[in-house]
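Could you have a look at this structure, given as structure tokens, before my questions?
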Amino acid sequence: MAFNSFGNILRLTTFGESHGIAIGGVLDGFPAGVEIDLKAVQEELDRRKPGQSKIVTQRKEPDTVEFLSGIFEGRSTGTSIGFIIKNTNQKSKDYSHNTDVYRPSHADFTYDKKYGIRDHRGGGRSSARETANWVVAGALAKQLISHISINAYTSSVGEIEMKQEYQHLDFSKIESNDIRCPDAEMAEKMIDKIKEIRKLGDTIGGTISCVVQNMPVGLGEPIFHKLHAELGKAMLSLNAVKGFEFGSGFDGTKMKGSQHNDLFNEDGSTKTNLSGGIQGGISNGMDIYFRVAFKPVATIMQNQPTINSKGEATEIMGKGRHDPCVVPRAVPVIEALTALVLADFYLLNKTRKIS
Amino acid sequence: MAFNSFGNILRLTTFGESHGIAIGGVLDGFPAGVEIDLKAVQEELDRRKPGQSKIVTQRKEPDTVEFLSGIFEGRSTGTSIGFIIKNTNQKSKDYSHNTDVYRPSHADFTYDKKYGIRDHRGGGRSSARETANWVVAGALAKQLISHISINAYTSSVGEIEMKQEYQHLDFSKIESNDIRCPDAEMAEKMIDKIKEIRKLGDTIGGTISCVVQNMPVGLGEPIFHKLHAELGKAMLSLNAVKGFEFGSGFDGTKMKGSQHNDLFNEDGSTKTNLSGGIQGGISNGMDIYFRVAFKPVATIMQNQPTINSKGEATEIMGKGRHDPCVVPRAVPVIEALTALVLADFYLLNKTRKIS
Amino acid sequence: MAFNSFGNILRLTTFGESHGIAIGGVLDGFPAGVEIDLKAVQEELDRRKPGQSKIVTQRKEPDTVEFLSGIFEGRSTGTSIGFIIKNTNQKSKDYSHNTDVYRPSHADFTYDKKYGIRDHRGGGRSSARETANWVVAGALAKQLISHISINAYTSSVGEIEMKQEYQHLDFSKIESNDIRCPDAEMAEKMIDKIKEIRKLGDTIGGTISCVVQNMPVGLGEPIFHKLHAELGKAMLSLNAVKGFEFGSGFDGTKMKGSQHNDLFNEDGSTKTNLSGGIQGGISNGMDIYFRVAFKPVATIMQNQPTINSKGEATEIMGKGRHDPCVVPRAVPVIEALTALVLADFYLLNKTRKIS
Amino acid sequence: MAFNSFGNILRLTTFGESHGIAIGGVLDGFPAGVEIDLKAVQEELDRRKPGQSKIVTQRKEPDTVEFLSGIFEGRSTGTSIGFIIKNTNQKSKDYSHNTDVYRPSHADFTYDKKYGIRDHRGGGRSSARETANWVVAGALAKQLISHISINAYTSSVGEIEMKQEYQHLDFSKIESNDIRCPDAEMAEKMIDKIKEIRKLGDTIGGTISCVVQNMPVGLGEPIFHKLHAELGKAMLSLNAVKGFEFGSGFDGTKMKGSQHNDLFNEDGSTKTNLSGGIQGGISNGMDIYFRVAFKPVATIMQNQPTINSKGEATEIMGKGRHDPCVVPRAVPVIEALTALVLADFYLLNKTRKIS
């Protein structure tokens, strides 16, 4: 079963509460002999860390990963890779008022009802702090499948939506602004929107798009581990995600087969790519692209009526330092999850036919 | 790993090609002592079978399930439940022309490249015929969690989209028309649309909505088996699906936190339900609702240029008898998958706290 | 979890009761492109079938395997391989007297207490008939790893024990007698012993030894899937098994390190092989050898006092046709399980280092 | 798959090399609401630690476990429990001479061949240091199933073997001597033997017996997760183990069915217990007992010829501080593994019938 594990051959198992001593994980099944660039791992983690820009939470946590095993003299040994990230800036006081109060649209109520107990500090296990673990593991996965290129970017903030197709974007610009949108003009609008929302003590949703290029043909394991199904599951595991679509997505439902079918070129590539690079759950070598929907962050700096664990009416107002929009910090997380899924399928595919 | 298995405690493993001798599966982990209504299982299968109405494929297959084990004197014994559905109407001749040709936007190309061999008859393992297995298993799962109510229905065909919220629908009307839409007027429009499309030798996409009522609180297993993530994965496993959203979905990305948060009533229910009945990956007792996007069926009755396995240009035209729109027959499949996911979480939840 | 599944990448899931309609299974993860010799599969099954000689049960069942999927035009397609073996000679009448009676040292009592219901006919799911499924899957596994040689043989029946080391045996003689012992003289003694025991209406235990030759180096997955641990688990899954030892086994506990250590030759082979071909859970290329202990069959043709499900004292006497000694028919089962374990590790090992 | 994971619902995933920064693990699936006695966990760890007596390695390591998550205000929260044990006394220098040399009957050769790289310091991942992780997890498991009593003890050292049946032993005496044998006289002989062996710079094997009392009926999950099969796998996962037998074990192979069958009392208990408390893979409520065979420790303080990674002949002599006999320190490890297996089955059994 493994409630806190993800993946098959390449398998991440994680632990950690937002305000515990440390979070961390074990990355199992990573093959031996891969040269590990530890600095690159930390850089991915820095892309996710709080306090990195003016439009994210101003909480400061260094988020330094410490590897405890599985890497020796600069290379993976094939044994499980254990790592931790210490929680250095816990400020539990910010959450002491939440002990017994259920924050609306958070997981306080459901955790309490399910387990009969919860670590209420900062959301405990339900906190998005967990995603730092995923970024560490994903950064290692990226190094395993370095021949594949993965780029995620912010494609909308609230109503502000980038309409260009990804083919017209310059992914090298993604990191050039705080919102991680490759279109400078749109980026500015998005950033302004977030600043405006934050001033209101409110939050806003958005979408992230992700494009995978240089895909090998043949990754994905039908019937029950189709490539897009695992990508979808991975994305839906991420806090605040409400939807996933790939290729033509929801728009494709309005099309006719004669419009939607991707005709072949003689080399096996296709003239169009409404399939989004996946057919029958298996990559066809074309670019994979998908879009992920994020709801607005539930913690707002406004007074909200709510209840406590006794069912008594009370009020709550966000304290602490929170993100007005989850999207910019989620970009590296989406890439990390994508890398984990692809690396797992890359390894699985080595077993699927005799050669 | 289990490439062809789905679920954790309640686990379905399937096999079978479209035009092989039989398809079938093993449902493992089904608890002992459940009274099994075999007739109800066959009825679910009949909802999915070909030839049931004028807007689906006119292929005739009885699709009779035979149970081979695990049920004794009308009750489940706790041992694995084996079943088969014989392929009685195989007409491989319809597919003999496809031996070496890759049908556009089908899985022919990817299966061939991945495995180096494929059963080309009717799509082989990639055929949606597999979903008959899911309906059998799902029908058993429904009987295990009979206290939970699951209703799926067609919510759009092409541009024809039902806008009412599910609360205003009468689910008892779903089976009253061929498209399985509870709104009679919309149903007629959808049916007309499909007939029109079929006359063109074309196909059309659509969406299915699903609503789960009488949900217990506490189902779902974070961090990596969140309830909506497993639902999403299940739905994305279904042929032709391009997207999944739950609760506020993609529309929720445009909202502010102050609008989106579901405020509590004193009994723990919420005044709104933009969360879609799931918070932090765990059911909160409110209705779960989600929407699934289907692309148009790839097999069209029109001439299409394509290539064969040698990369040579050729042409293909759909023969055989195919669905102009996958949606009406997919409704029971979506319910089945939902039941499988929920029943698995229902069993898992028995282990999550001491009592 | 998968209560009825075995293996990781190569994964067998089974179903079936002794006196149900059929038993069968799904072999998942079998790579594409392997030429399948169906006749060889049936031959393995024939080695296990009842009625094959005078020292086994005289029950007659043809035990014909029918493959339903996953094999196309003589080769594996990489999709799941479904198969069934029909129960043709069920004679439930022989068991009708057992409906409510717990046979001593059978699983009647424990199944009833665990599940609250049981299929009492012939032991239901707990019957060794299940092992026919394993032989089918193992025969396919043997074809996948045909470069590895697996030979099991009867090494003792009761007190009659073959003392020679396997190196002095001619494995081609195993099938030359009914007990499957490569030493003709010992075989005769064992057969006589079984005949004598059967006349008494009694049964007798025994041991089977198994030798794996031409092993590649590197199979086995520490820490928790060590090669010998998985072999041991496989063997202990087989009905009537009470013990497993490999290499020096229990005798090795009496030795000193200076005696027990296997010193290296310069080519990496070892001068002795007390390790039994496995070090740290990984094959070292030397022969693997192990020994499996079987208790006497619990069904005896003598009157035994026992209880029924109400806890009332009653009597029971074996009817039907049973084996006086399980060992000769278990030889092909042990080989099958060994092949399944090794084939799984063979596939897993393809993912463990970059090349 | 999960190479470094053990268990199903209750699942331990571990990491760590002997001379890395830390070893540790994640215990997943531990139910919420269990009061955790952290002191008791450390006490179990102290039973395993080096330097505790004169007959074990004189290496000094405090082996202090640090819990990082999953326990809040003295109780388990249902989330994954992360923990580490720092490697404080690494003395890599003791192993610097091993960099390139394969120690006979160690895993140096097999790790190197399998992975193409190994952390040679103290055996790296293959070191029995890993078992400290198991003891931590097992100590938690013991607290979950505190109604079940588990006692392991040394039953032989070399030829010195305790013949009494466990029913005649006083388990409260196990911890009263350094060898952990409940018979004071035998204990003294065993200790003398080990001292004698150590003086020779040699090592010796032995056996550990384990008895489980107050077992509930119904634990164990056939067909492929039989209780004794999982116990056997667990024990065979432990370094230096060469064999496992339960109930009548290898001796049972010499018996007749009429002698071996355990006849019932009217309360469902049995008059004898040659079955060892398990029938058909499911506990029957009688005591479970089994025996585990350990080879002599491979590291001896004598000069041994060997080879290096280039296949060149060389010599090696054990340095560092090693155990002359693994048995006394393995006693708590066997109990820990037993507890992990039983606790997992305890949780699984909650899902196996409707109530």
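We just call them A, B, C and D in the order they show up, numbering each chain from 1.
Operating definition for what follows: a residue touches a chain if its C-beta (ideal position, glycine included) is under 8 Å from a C-beta of that chain, and two chains touch if they have at least 3 such contacts.
The structure presented is a predicted model; accordingly, all values stated were derived computationally and were not measured.
J.: Taking all residue numbers at the subunit C to subunit D contact, is the shared part over half or under half, that is, same or different?
T.: Same, since most residue numbers here occur in both copies.
J.: Taking each chain's centre as the mean of its CA atoms, which one is farthest from the centre of subunit C?
T.: Here the answer is chain A, farthest from subunit C.
J.: So which one's got more C-beta contacts, B-C or A-B?
T.: Taking the two pairs in turn, the one with more contacts turns out to be A-B.
J.: Give, as an integer number of Å, the spacing between the C-alpha centres of subunit D and subunit B.
T.: Measuring from centre to centre gives 46 Å for this pair.
J.: If you average the CA atoms of subunit A and of subunit B, how many Å lie between those two points?
T.: 26
J.: Averaging only over C-alpha atoms, locate the centres of subunit B and subunit C and give their separation in whole Å.
T.: 39
J.: In subunit B, which residues are in touch with two or more of the other chains?
T.: 1-5, 8-9, 14, 29, 32-33, 78, 80, 114-116, 125, 223, 348, 352-353
J.: Hey, which residues of subunit A end up touching subunit B in the complex?
T.: For this pair, the touching residues of subunit A are 1-6, 8-9, 14, 102, 104-107, 109-111, 113-117, 125-126, 130, 156, 158-159, 197, 200, 202-207, 217-218, 220-226, 228-230, 232-234, 236-237, 242-250, 252-268, 270, 274-276, 278-284, 293-300, 302, 304-307, 311-313, 348-349, 352-353.
J.: Using the touch definition up top, name the residues of subunit D that touch subunit A in the complex.
T.: Touching subunit A from subunit D are residues 1-5, 8-9, 11, 13-17, 20-26, 28-29, 32-33, 66-70, 72, 75-82, 84, 114-119, 124-125.
J.: Could you please specify the touching residues of subunit C with respect to subunit A in the complex?
T.: The contact residues of subunit C facing subunit A are 1, 9, 29, 31-34, 78-80, 144, 222-223, 347-348, 350-354.
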